[in-house]
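In what follows, structures are represented as structure tokens.
Consider the two complexes below, in which chain A is the common component and chain B and chain C are the respective partners.
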Partner chain A sequence: MSRASPLIRPVTVYALVALVLLWTVAPVAWIATMSVQPEINYVSVPPRLRLEQTSLRWYAATLASPEFVGAMRTSALVSMATMLLCLTLGTLAAYPLARLNVPHRNLYLTLSVTARMVPAMILIIPMFLLLRSLQLLDTHLGLIAVYTAFLLPYVIWMLKNFFEQVPYALEAAARMDGCSRLGALVRVIIPVTAPGVVATAVFAFIGAWNEFLFGLILSTRLAVPVTVKLSSLVSTTFHSDTSLVAAAGMLALLPPVLLVFVLNRFIVRGLVEGMKY
Partner chain B sequence: MEPPCAPHELTLPLILVEQQTKWRMRTTLPEQTELRPSLGQRLHRMSEARFGLLLLAPAALILLLFLAFPLAYAGAMSLFRIELTVSPDWRWAGPGNYLSVLGERAVRESLARTLAFAALTVGTSVLLALGVALLLNEPFRGRGFARVLVLLPWAVAPVVAGVLWRYLFHSNYGLVNALLLQAGLIPAYRVWLDSAPVAITIAALATAWKTLPFLALIILARLQSIPESLYRAARMDGAGVLARFRHVTLPQLRGILIFAVVMQTIVALQSFDLIFTLTRGGPGQGTVLLSYLVFINAFERLSLGQAAALAALLALLIVLLGGLAPLLAAGHRRREARNE
Partner chain C sequence: MSRVELRALSKTFGPVHAVRDVSLDIPDHSFVTLLGPSGCGKTTTLNMIAGLERVSRGEILLDGRPITGWAPHERGMAMVFQNYALYPHMNVFDNIAFALKLQRRPRDEIDRRVRATAEALELGPLLGRRIAQLSGGQQQRVALARAMVKEPRVFLFDEPLSNLDAGLRTRMRVEIKRLHQQLRTTSIFVTHDQEEAMILSDFVAVMRDGIVVQYGPAQEIYRRPSHLYVATFIGKPRMGLVAGQLRAAAGNVELVAEGLHLRWPLDGPPPPALAAGEREVLLGVRAEDARLGPPGAEREGFTGEVELLEPLGSDTYVEVRRGPHRLTARVEPDSAPRIGDQVSIRIPWGRVHLFDAASERRVN
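And now, the complex of A and B:
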């Protein structure tokens, strides 16, 4: 290859990169196209996409539906609360696991790894019964509790990996300067690991926003997340306008995608470092 | 602020008597804290172990109530016959549910489908992720942008990914149909999702699409940490591109590739959301994977005991496979340490 023409290599690389980006973007690009074109344009064979007929009216219609907006609000609220709860509880739990001489530390770590593999499917029926007896079915609080429990093992593990990287000397210096134990955690360890904490926060938010099964079973009317709303739109609107479903799909995928693009620098490093065994 | 010391009563001018009572009140404060230490002091004096357990307690409480308890409850359910279509009673069944589940034809077919789907998903996603990682490790203009854009599917919910791929392969308005027709590869629009093998393949592709970014990311990180000196040495020994890949890159990537395979297998075995919106298990039972079968047993047939038994078997399979990852990683680290 090294003796080949100097042009071949860059051309191959760019061709492959174009292919990879096409594979990555095409599914989203297609539904994005559908969401701004009248159905007749992409149903016709071959599809005739007309630039002059591009319109945002399907987004306007979707955002005018109180049910869909309610689902978006539910998802936003539940994901935010889950993220905050995960970070608080996760930090408190990850600190002793990373730093302190806790009895049975390895047992807790093994349990947290195992908990991550438990499929949601096995939990769903008992979870339904549990939330029913706590009168938390179809409530935001119920979803927050369930999402937090499900995401917490990941969050603890990620934060533990970040906290472990902080040099002990830093913490010792803070303690010498009069910081309490919790003070050292809040004033030294968390600021030093801020990029990792941000990555973990994004992970928790996206995990909650994208969750589906629990929302499907545990919510019926008042606390339906957007993923569940979207799936019901897909299966029921055979006769109505598909552009509406496409617009709803775009709105459902937009918040996590924007987060990832804005905070990509934190996420790339955070995922790699945080997910390590 | 330090509270002032109580001055001796006799030295006080009368005018200050009122003031004195105020001082009294303030001087009593430190004595009280001596008797009942503040929260901060109690935390400070606590042994390291107890302090650690105290911090773990809130998370442990949530996990016990909303994870361990439901898990144990599901385990208990799997030992009872619970047919809600017949009666709300629990009748002791012992291992009965497990035996009947293992003997059911639908389960065996679903298991075969699940394994095929898992093999297809793991193969596609790990190989593609390796390719993408190698490509993104090459220097080219716009590499930073490409690395960010490639992350896109990671942020997309599996349910939404199912919708995306459904519309990609839709019989009436799918992009794939449109492109293939215009390229002259098919004579007319096809209904892709009405054949089970094709539907399984599309589901595997969609799953690979969704999980590829994460795998590519961790492989890329490992690639970047391979010391350049290894490649220089190989080049000095006259190794070409392929030889360098085979004898330097691949051995260095071994650990992470095994990790990727195990992680992806777990993802494949748990797949539900994506299939739910992509095919709804169809055509017929064509894409009913094990977790989907649990769902059907629980929420359509309302045989909760059977559903719990099947879910327990699935969870066992996943945990056994997933347990491999840390073990393999530890073994790999040990070998690496010995080699150095």
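And now, the complex of A and C:
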């Protein structure tokens, strides 16, 4: 027992990690394979992988579809705008909640998150009516407004927690040095919490990018997000070829992954260096 | 000229009075310490002077001008914080230069001033370092440099030494003292360490529960504490106390305590403290004022057993116990008795501190 124990631990840990990886990565790997193989190869039993038949033509076909590219553009625009709006509004809301003596702040925080506990299905009809009366149905702005409303409470909560970790003296020092409260927020608190802020930004972007239900109901033609477009591809246009759907799915996966890659630098730096104040 | 006056300064947090009617006159060029245990309101007072904390009532004047509502940076003050509060996302140079950059000073002036300040504090080779790469002492010096570079009218220190280890703390204490002697900038220093306060300050304000109990020159605080609290808070070892009844009788002053009867011959009229007859007092004596002698002598003192020795090298403190009473005397190490010895301890009348038992105020 005492001899085997040095090995048992790492082996168990790696086995569990491998299992989790398999669980999360396998579907993506499956779709990735589908997107470069003819349908016949993977619908046959057992599925076969024929490397000589590997091709990117389904990607080319997907990218040639103006509908799909338009949906990607819509999603990118809406998600970016939602992310920026959430960060801006979230910062301005989270800072006072973290730092100033706001009356009833816990009540506010609890309420804002409780509102999000209501299932989205219940809110969809009121939202639809609201957007219709504002003439925001099937518009980018409509989606941005709805997504921001839904993500903002989480963003506020996350940012508040990051801001609270910054020692009060750091902000006091900035104010002694000549910053206003807003200046101290921008020049000191946000840079110091950058890893957290970036993680929050990624969260908001992915939240908006992956949203499906509201996009489906609130947009019909002009501002259809890629998630909705994907589902309609499955049922209509590309019906004949699953490889096309898989390629489209892979393309839809790309922007959030790219974003995480680009911003990973910040997140990892934050994790490696630790939040040293 | 940088004289700071506090007039009946108060701060309330809801129902809590953090600071009550603090009035201090801090002269130009002076080094003043706000001294007290944690929660006594000293840091809140400092933060109000800095403009970081809103004043609930009262006024702050800088050279006669009211600055109570001014923003922190408009007051021309610089602060050194307990945890240094250096900007972790900037290097040493940028930390020191931050305030000057915000003032939109020309680039070459910033460069010159930052380098000069860094040289003065031996930070020259560290200017490019990140804060996380510095030791505690180096961080403390960067914090000092960041304050100095602004050439402020007033320095504010919020327990800047309490995070350092003992050796470094002593060195930084000397460094701060030397800086003040060079720059002569009015300085307000907050600490709970009475030794630090005594060493650094021209004036000390001893605080408790949001109130200034005594404010005066450091020596006077030590020599003539106006309140029992100040007497026991200041000085190491703690002032020895005997509780009893003080009265004048037959040309003597007498203190009658549990199992004790101390007597001092009286030259003139009875002391003013006894004008109203006898009273309950606490009689205090500092270790350096108490005298040890051979056992038996009961005049002006008592005989008791040596209970504890504290050899410091230069001196030895001897704690003598008799019944519930304990007093400490300072002696030369060579003449120190041994634990368990019977010795007499004499309390010279001219050196005693008398405090009213009820009000705890000084009565002599």
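In the analysis below, the second predicted complex is superposed on the first by the 236 of 277 C-alpha atoms of A that agree within 3 Å, B and C clash if a C-alpha of one lies under 4 Å from a C-alpha of the other, contacts with A are read in each partner's own complex, and residues count from 1 in each chain.
Criterion: contacts are C-beta pairs under 8 Å (C-beta built on N, C-alpha and C of every residue); 3 or more make two chains touch, one makes a residue touch a chain.
Predicted, not measured: the structure shown is a model, and the values here were computed from it.
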Clash or fit: how do chain B and chain C relate after the overlay on chain A? fit
Of the partners chain B and chain C, which touch A:Gly249 in the superposed model: first, second, both, neither? first
In the overlay, answer first, second, both or neither for which of chain B and chain C A:Leu130 touches. first
With both complexes superposed on chain A, which partner does A:Leu141 reach: first (chain B), second (chain C), both or neither? neither
Tell me the contact category for A:Leu77 with respect to chain B and chain C: first, second, both or neither. neither
With the two complexes superposed on chain A, say which partner A:Leu92 touches: chain B (first), chain C (second), both, or neither. first
Quick one: is A:Val188 in contact with chain B, with chain C, with both, or with neither? Answer first, second, both or neither. second
Per-residue contact with chain A, leading partner among chain C and chain B: B
According to the stated criteria, A:Gly178 is in contact with first (chain B), second (chain C), both, or neither; which is it? second
Nearest CA pair across chain B and chain C in the overlay: distance in Å? 7
What part of chain A is shared between its chain B contacts and its chain C contacts? 180, 277
Which part of chain B faces chain A closely enough to touch in the complex? 40, 43-44, 48-49, 51-53, 55-56, 58-60, 62-63, 65-67, 69-71, 73-74, 77, 132, 135, 138, 140, 142, 146-161, 163-168, 172-173, 175, 178, 181-182, 189, 209, 213-214, 217-218, 221, 240-241, 259, 266, 269-270, 272-273, 276-277, 280, 291, 294-295, 298-299, 304, 307-308, 311-312, 314-315, 318-319, 322-323, 325-326, 329-330
Per the touch rule above, chain A residues touching chain C in the complex are 167, 169-170, 172-180, 183, 188, 191-192, 194, 273, 276-277
Given the complex with chain A, which residues does chain C contribute to the contact? 47, 50-52, 71-73, 77-79, 81-83, 85-89, 98-99, 102-103, 131-132, 146, 150, 158
Tell me, which parts of chain A touch chain B in their complex? 1-2, 10, 13-14, 16-17, 20-21, 23-28, 30-31, 34, 39, 42-43, 45-47, 89-90, 92-93, 95-97, 100-103, 108, 113-127, 129-130, 145-146, 148-150, 152-153, 156, 180-182, 206, 209-213, 217, 227, 230-231, 234-235, 242, 245-246, 249, 252-253, 256-257, 259-261, 264, 267-268, 271-272, 275, 277
